[in-house]
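Same chain, two partners: subunit A is paired with subunit B first, then with subunit C.
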Partner chain A sequence: MRAIGKVILRTLLQAIPTMLGIVLISFILLHLMPGDAVDAIAGMSGSASQETMHAMREAYGLNDNIVVQFWNYITGVFSLNFGQSINYSAPVLDVIMERLPATLILMLSAFVLALMTGILVGWGMAVFAGKWPDRLLTSGSLLFYSAPNFWVGLMIIVVFSAKLRWFPSGGAESIGASLEGWAWFLDRLHHLVLPSVALAAFFMAIYARLTRAAMLEVLRQDYIRTAAAKGIHPVVIQFRHGLRNALIPVTTVAGLHLGNLLGGAVVVETVFNWPGLGRLTMSALAARDNQVLLGILLLSSVAVIVTNVVIDWLITLLDPRIRA
Partner chain B sequence: MTDATLVKPHRRLRLPKSLKDPLFVLAVLVFTAVIFMAIFADVIAPTDPQDMVNMPFLWPFQDSFSPLGTDQLGRDLYSGIVHGSRSTLAVGFSAAIFGLIIGTAVGATGGYFGGWIDTLLMRLTEIFQTMPTMLLIIVLLAIGDPSIPLIAVAIGLAAWPMIARLARAEFKALREADFVMAAKSLGYPTSRIILREILPNALPTLVVGASVLVANGILLESAVSFLNLGDPNVVSWGSLIGNGRTQIRSEWYLSALPGLATVLTVLSLNIIGDRLTDILNPRSKVR
Partner chain C sequence: MAKKVPVLELLNLRVGFPGAEIVKGINLEIHEGEKVALVGESGCGKSLTAFSILRLLPNGAAINGGQVIYDGLDLATLPAWQLRRIRGKGIALILQEPMTSLNPVLPIGLQIAENIRAHETMSRKAVNERVIELLDLVGIANPRERARMYPHNFSGGMRQRVMIAMAIACNPRLLIADEPTTALDVTIQAQVMDLLEDLCSKLNMAMLLITHDLGAVAQWADRVAVMYAGRIAEMAPIRPFFTGPRHPYSQGLLNSSVEDDWHYTDTRLTEIKGTVASSAGEKGCAFAPRCPFAAAECRGAPPPLEEVRKGWLAACYRREAIQALQEGAAHVPA
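Up next is the complex of A and B:
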């Protein structure tokens, strides 16, 4: 267990400069964006004289030295103060936190779906490597790998919502149906299916390809031959020695893909009118709500960093060679 | 070895087996056709995709003048797809080239010099890799008015870390190679060793990586224009899909066909990239 503690400490220490770099980039981006917070407020209120705008800039610290401004920005971010949303007249953090659960649910269900089907399909491809099931599944996964997720979303809306009428085409719950308990849960689940599939398709293809490659690599190793020579049942070898070790690269990449998953969610949410961070991003962009945009970028980057620390920890658990 | 300048390290590409693969040939044909379509768009589809030329909501094959049908304003979908290939490919390629240049510069410098420069540049790469690509692109697009160059720069700026990692690994390995030692002992300047000795040897790997970048660039561009963040005066496959979204339950072909064009293009690029990776991988059996 001591080794794991070391891994956590090391990865956390490595994460700090990355975090600072991201804050710096986001500060630069904020200054590159046209208009500052005062311009935005003045625009919302109709008009403001030069004097009031100057006074407001003074009050917000926008006339300070750029280094002072950056220092204020950093200390703000690290005390979870991401500024004020001009569009919602509320702290950015509150606005984001309100939308976050919907996006997390979508991402989590898509992630679980993609990982489970991807590993299963990839394992199947490795078992039949070179034969027709492998070719079929490889081509199929390449197809999903090449399709834009929003297009997949639209096409499954056509088939499963417009034609077959199995699933609703958008939203997170039935409007006006004040459901409770089990019925409410099922209704939410019903709405979750299509967006999850649309978001998962691309990642399923990635995980399948990765699992296939990792499985084939692992099955070539000496310890697999040793296990077979010891007379261990082939199925046990496949799972305990093969799949378990093949999952290490898959887990690492899955962690790296968290950011892409979030980016995908932004687009898929727009297709399915899902009330999450994606829709917030789009409305913030339209309203030039810069602080919200950067808040989302910052918080999601932090989420990616934290997940990767956790993944590193998971890998030490999975891989006996690292643990030793 | 009489004259050192004549010694040119060269890794030959061996193609035969892959060239016989029908899937690879098909992919090359499809991609060539798409490039051809983009170059000769004005000849293949003379009507302006923004013009209202026919009755609205014609289905594909219903009218010989608009073979792939028309949208809600009677704009021709066929010329939309043909002309849309231009901006889609333009963004995909220029984003990839931009990403290739930044990624190679960062990765090559870090991999060759090592030490604190390497640590610093890898941190930078990590920072860009951590930020969700799509979100970074959206934020970058908030800086200026939507235009094809801005979108290409935004995508390239968000996508270079992958190339940087590839370039770093190649340069790190090749730095120790005998021919580099030879060049060093001959007293060649560092710039020459990097640009004329190592880079040509690392290039095949980087170009294959860039083919993935083009595929990604096309997907990201289509997402950007689907979200209506692109140049409103330019037709692209993504904007066509987005335009068809309002009629998705009835006139679904308006989104389906430009999407199919995107999938075929990206798929052929991915197949080409896959096969080239196989050829370059010394452990692969298919080379």
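Up next is the complex of A and C:
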């Protein structure tokens, strides 16, 4: 465990040039967009004189040369100062940190759900390869694979919330219920189900198809015949010798998809009115709150890098050949 | 020699893929403690025969008929759960490719222990001790540390030793080895064969060895069965086989390998014209299209295995004629 801490630190240091590049490009792109935060505020209030707008720009440093602005931002970042949100009149870090847990919970539950059901379904497909359960699950996964997640989200809301009334259609908790203990937890969980499923569907389909392919490949290997020749139970062969090996490629790809999961979260949060980073991104975009957007981009790239390290570490646990 | 109890009997065994019969009715018995070699060209069905004994056939292949008698049971039709009690306990299997026949993600000690735990109720500690004892027995140094290592830490020869340790873990009565040395260096081949021979006599194990190495057969086996296109062409005790094989195919095999260490390869078998494939669609003797002695009588139906002498069988219509011819030639004054 100490080793992994070291690896994360080293990877982060190595990733600094990449992250600088990401920040620079995002910075330029955001500045290329016509209009700025002051325009957005003026548009909302309906009337604002040129002088007030100029004064506001002066106050937020928006009149400075872009190079100076970038320099100010970057030097701030190194002292963990990500600037000030114009929209929320609060430090960017605070604004982000307030929304981060909700997104993390959504992503984590969707990821675990996608991985577990995906592997299970893929394993089932491999066991019945070529027979009708396999065909059925294959076409089912193709549907989830090709459907955009906002559509999946809307369909889920229509069926399970509007029609069946099993789950709430949005939000992270019942408003004004002031619950405590178990009741609070269950209420949260109740709200989490639909958005997690909507976010997980696409990834579940990918993982299922991957597991199926990996499993069929592994079951053809000589060591499966060796295992059977020992007289051990087929279920043990399937899991200890089959799935255990098939998990290596599945985990590798699952790690690569974590970045996409964040992208999916933005959409799903908007559909389900989930109070996380996704919705913050949308509102920051509308308000031209560039500092917040930059903060989110930076945070996401750090998150992707860290999770990749964790996945690499998981793979070394699964595959002794690369432990060496 | 107390050789009369068969450990395993194959009775008219037929194995094939849908639309293609590969093993076309084989009769073979292996006695207690006996070492039988099965030789023949690539693709003639040796591996399928071996795999069908424990019903470990590749996808698509199936036993189409015949019986595999072990301990009074027919393994070809035995319920799966009963068969599992024989796999690895009564009959063990070693495969050709040591690089791929061990699970890459599990320590080798665990893979050996699996075999023991499948058949014996022992404490965890006793199992571990047994694993170490087995590794020691097959000549792996530092067995205690090595047991915790993974297959990729071992060379091919060492992995094959691990496979052997696994196979003999429960003192099987019969060991089936499908070309156990083909993938190894020549020097290592000899070591592994010596080890197998040693273990066979120590544990009084019978063995079915599939091989391309007639040198090993000569040195080591009690009996040899020559397979051609899914049938047994000749089955003989070692001595007569190497001094005067009766089937023209056996003669071809020996001729194409005398040069050096009796190792025949399929490329060198070009001495016998054609390939196994040329027997496709042949109604009579499958070897007839390549046989220098083939006559009209060979084209009717497959020749039955007939006794040459006690315990020596050959499937050739013309074997007496050929023998007369060859002995005559030998006696022609120079």
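What we mean here is this: the second predicted complex is superposed on the first by the 246 of 324 C-alpha atoms of A that agree within 3 Å, B and C clash if a C-alpha of one lies under 4 Å from a C-alpha of the other, contacts with A are read in each partner's own complex, and residues count from 1 in each chain.
In this text, a residue touches a chain if its C-beta (ideal position, glycine included) is under 8 Å from a C-beta of that chain, and two chains touch if they have at least 3 such contacts.
Bear in mind that the values here come from a model prediction, so they are computed numbers and not experimental data.
In the superposition on chain A, A:Ala229 contacts subunit C only, with no contact to subunit B.
When the shared chain is aligned, subunit B comes close enough to touch A:Met155, but subunit C does not.
Applying the stated contact rule after C-alpha superposition, one finds that A:Leu318 touches subunit C and leaves subunit B untouched. By the touch criterion defined above, A:Ser300 lies against subunit B but remains apart from subunit C after alignment on the C-alpha atoms of chain A. When the shared chain is aligned, subunit C comes close enough to touch A:Arg244, but subunit B does not. In the superposition on chain A, contact is made by A:Gln221 with subunit C only, not with subunit B. Of the two partners subunit B and subunit C, more residues of subunit A are touched by B. By the touch criterion stated above, A:Asn72 is placed in contact with neither subunit B nor subunit C. Put simply, subunit C touches subunit A in their complex at residues 51, 54, 56, 59, 80, 84-89, 92-93, 95, 97, 100-107, 111, 114-115, 118-119, 150, 152, 163, 166. Within the complex formed with subunit A, the residues of subunit B that make contact are 23, 123-124, 126-127, 129-136, 138-144, 215, 219, 222-223, 226-227, 229, 238, 241, 244-245, 248-250, 252, 255-256, 259, 262-263, 266-267, 269-271, 274.
By the touch criterion stated above, subunit A contacts subunit C in their complex at residues 220-223, 225-234, 240-241, 244-245, 248, 318-321. Here subunit A touches subunit B in the complex through residues 17-18, 21-22, 25, 29, 32-34, 139, 142-143, 145-151, 154-155, 157-158, 161-162, 169, 256, 259-260, 262-264, 266-267, 270-271, 281-282, 285, 288, 290, 293-294, 296-297, 300-301, 304-305, going by the rule given at the top.
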